[in-house]
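The structure appears below as structure tokens.
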Amino acid sequence: MAQSSQAIWTDVEHIRVQAPLIHNITNFVVMNNTANALLALGASPAMVHAPEEVEEFVAISSALVVNIGTLDSTFVAGMKLAMQRAKALGKPVVFDPVGVGATTFRNQVSQELLTLAAPDVIRGNASEIMALAGLNAQTKGVDSLFGSDAAIDAAKRLSSVWSCVVVVSGAVDYIIQGERVAAIANGHPLMAKVTGMGCTATALTGAFAAVNTDYFQAATHAMAVMGIAGELAAEQKSAPGSLQVNFLDALHELTAATITDRLQLTQS
Amino acid sequence: MAQSSQAIWTDVEHIRVQAPLIHNITNFVVMNNTANALLALGASPAMVHAPEEVEEFVAISSALVVNIGTLDSTFVAGMKLAMQRAKALGKPVVFDPVGVGATTFRNQVSQELLTLAAPDVIRGNASEIMALAGLNAQTKGVDSLFGSDAAIDAAKRLSSVWSCVVVVSGAVDYIIQGERVAAIANGHPLMAKVTGMGCTATALTGAFAAVNTDYFQAATHAMAVMGIAGELAAEQKSAPGSLQVNFLDALHELTAATITDRLQLTQS
Amino acid sequence: MAQSSQAIWTDVEHIRVQAPLIHNITNFVVMNNTANALLALGASPAMVHAPEEVEEFVAISSALVVNIGTLDSTFVAGMKLAMQRAKALGKPVVFDPVGVGATTFRNQVSQELLTLAAPDVIRGNASEIMALAGLNAQTKGVDSLFGSDAAIDAAKRLSSVWSCVVVVSGAVDYIIQGERVAAIANGHPLMAKVTGMGCTATALTGAFAAVNTDYFQAATHAMAVMGIAGELAAEQKSAPGSLQVNFLDALHELTAATITDRLQLTQS
């Protein structure tokens, strides 16, 4: 087994043994799916957004995942408190700026959250990463108008400004931290036909960050596992309803051998 | 291929090629399903409800779908702003009065929304259409106590009052605009055992309205595609968990030939 | 057929014939699943939380299910009004204290709700039941750190204090009302890998309470049906994505013979 496959598998085993509690403040569309993906991987998910309790909840969690997909003022208040508390406690924070660039509100909230408590990992599609880097990228709602390679420079800039790992999802996923760049070519085009697969990638990154303090590695491993489980599912049946079901099964059934056989990782 | 099958297929192809952005303000129960149904059909869904951003979001969208299933004051505020803005911009608005007739709040909100910004299409079950037409129909929560044919007169009245297309869902779906009436006999009884199939019909109507400005046709085509995909799914396995999965697969795999073979459309 | 299997089947038949309207104020993660589980069993679900309408809605419903999984101030306001109204009208109330013990907010809200309107049935995992009984039990977010038998004494205390039925879910489910104790050994470990199976058990309890005023029996029957449908699903395919789908199919296809063959019920 290659070194990188082994490192991914070690993280998966740690997640399965430790079942880290992952605190999610995420959107209504994907709450069920991302909770199920975290469970299928071996983590223990919780969705908790009320300002009255997020600080206390983040304190008992192993990572915080914040996703602005269906944000409103109540959720934003919870996000701010949770992110600040997570930073103060040294818990990993993963941020998904869904749809940033589409509205002024999303842009403002994203900038406020970053300024208040810079996350350890930011994951988005190319449009989102470019918009977050201030490039006035065009977006199409929550979908990207660009391939992931178009956002590599934006990702490097974001990584430098906020001292964090940045993931650009796409046909190839890029994971960037300063000069470190990893590229994952796993995955399947049909994954774009299932809502919230990007949000699921973000949630799984939280689980890996809970067991691996090298967040560049954690994000890389999460994207690899996403892509491999996605292609396994798409090969079962090439249709989106089935993909969603088979993806969860594949995550649950993931083995070291499958990772070794399928991993398409390039590091530079 | 008959003319009407061809017209449905043309719309499906336009949706698949254009992937129109459909802005949904909908209920918590169905957000995942309706997003997945829109993706499976070929559209690009987004769920955005915050009053701070709905006006900006509707401006970049190709249609607005408003569904009051789990309404509360925050969502209602977003619905009002979005519907007014959509009307001002000439974007199609599709309205689903889930559970109207069950509570005074639902009745009041529905009347306020209609008065503020009459939608282009209203879709509901018989109880909802009758209640919305002021007939004091009995309802059973979000389920209808009547067959769809019982609501044809109510639908005609609604269509006349608000100058819009009205769809009554049921074993037969009726699409009504003034004197135009279409009836779709496709579908399967098991669809009533999966939550939110009506809401999905409404969301798909938004996608068809985004590519066909004859909203009577758009609504008719949406109901035909719903019914055909539903019966294909039910024939795969006659059980509700499987139906939800197979329905998405069927939408994704829909062909012109299947529409021609199965379409049960009567126009008068 | 044994007496207890017959009694379960009688309730199932009543649910299928009457399709009782079950009013749920529940969490965002499980709204779709619990609605679908109620439909698959034969009930008519509705999710309604707005303070403006819950009192009117509970009046037309046959049971109220309250679940604090993703509580916030808006939902809590709706829960209070709905529970008080249900009690005043003599409608059964089933309460699921998801994650109680994890935060002060959850503890306070739970105590407020119990004091305001003691429910007829409380269902939780061992950690939740122990926390609710004031035992300062450790929790891990929304997952239990204890087996269900560890919470039997806590359940008895809770049952006595609030004069209600208490269900502790786990590998064995305990149903307790004063001196009455039932134990259900049905189910499958994989059910813990699907989010919201506990919440679904609570929702189904609402359906059984709508047709059986002996709430101890209603809760016992609900847990038996959950466990049997869960093991049928897990035997179809031992993977969590498939389990969620097959569970709904199994609920829909449940027969008297299956219940008789599989029921593992001990009463004392």
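Each chain gets a letter, A, B and C, in the order it is written, and its residues are counted from 1.
The definition used in the following text is that a contact is a pair of C-beta atoms (placed from the backbone, for glycine too) under 8 Å apart; a residue touches a chain by one contact, two chains touch by 3 or more.
Note that the coordinates shown come from a computational prediction; the quantities given were computed from them, not determined experimentally.
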Pairwise touch network: line, ring, star, complete, or other: complete
Chain C against chain B, contact positions shared by both copies (same if over half, else different): different
Distance between the centres, which are taken as Cα means, of chain C and chain B, whole angstrom: 32
Multi-chain contact sites of chain B, meaning residues that touch two or more partners: 28, 32, 74, 244-245
List of chain A residues in touch with chain B within their complex: 27-30, 32-33, 69-74, 99, 102-106, 140-143, 192-196, 237, 239-242, 244-245
Residue ranges of chain C in contact with chain B within the complex: 19, 21, 23, 28, 31-32, 35-36, 39-40, 44-53, 56-57, 60-61, 74, 244-249, 252-253
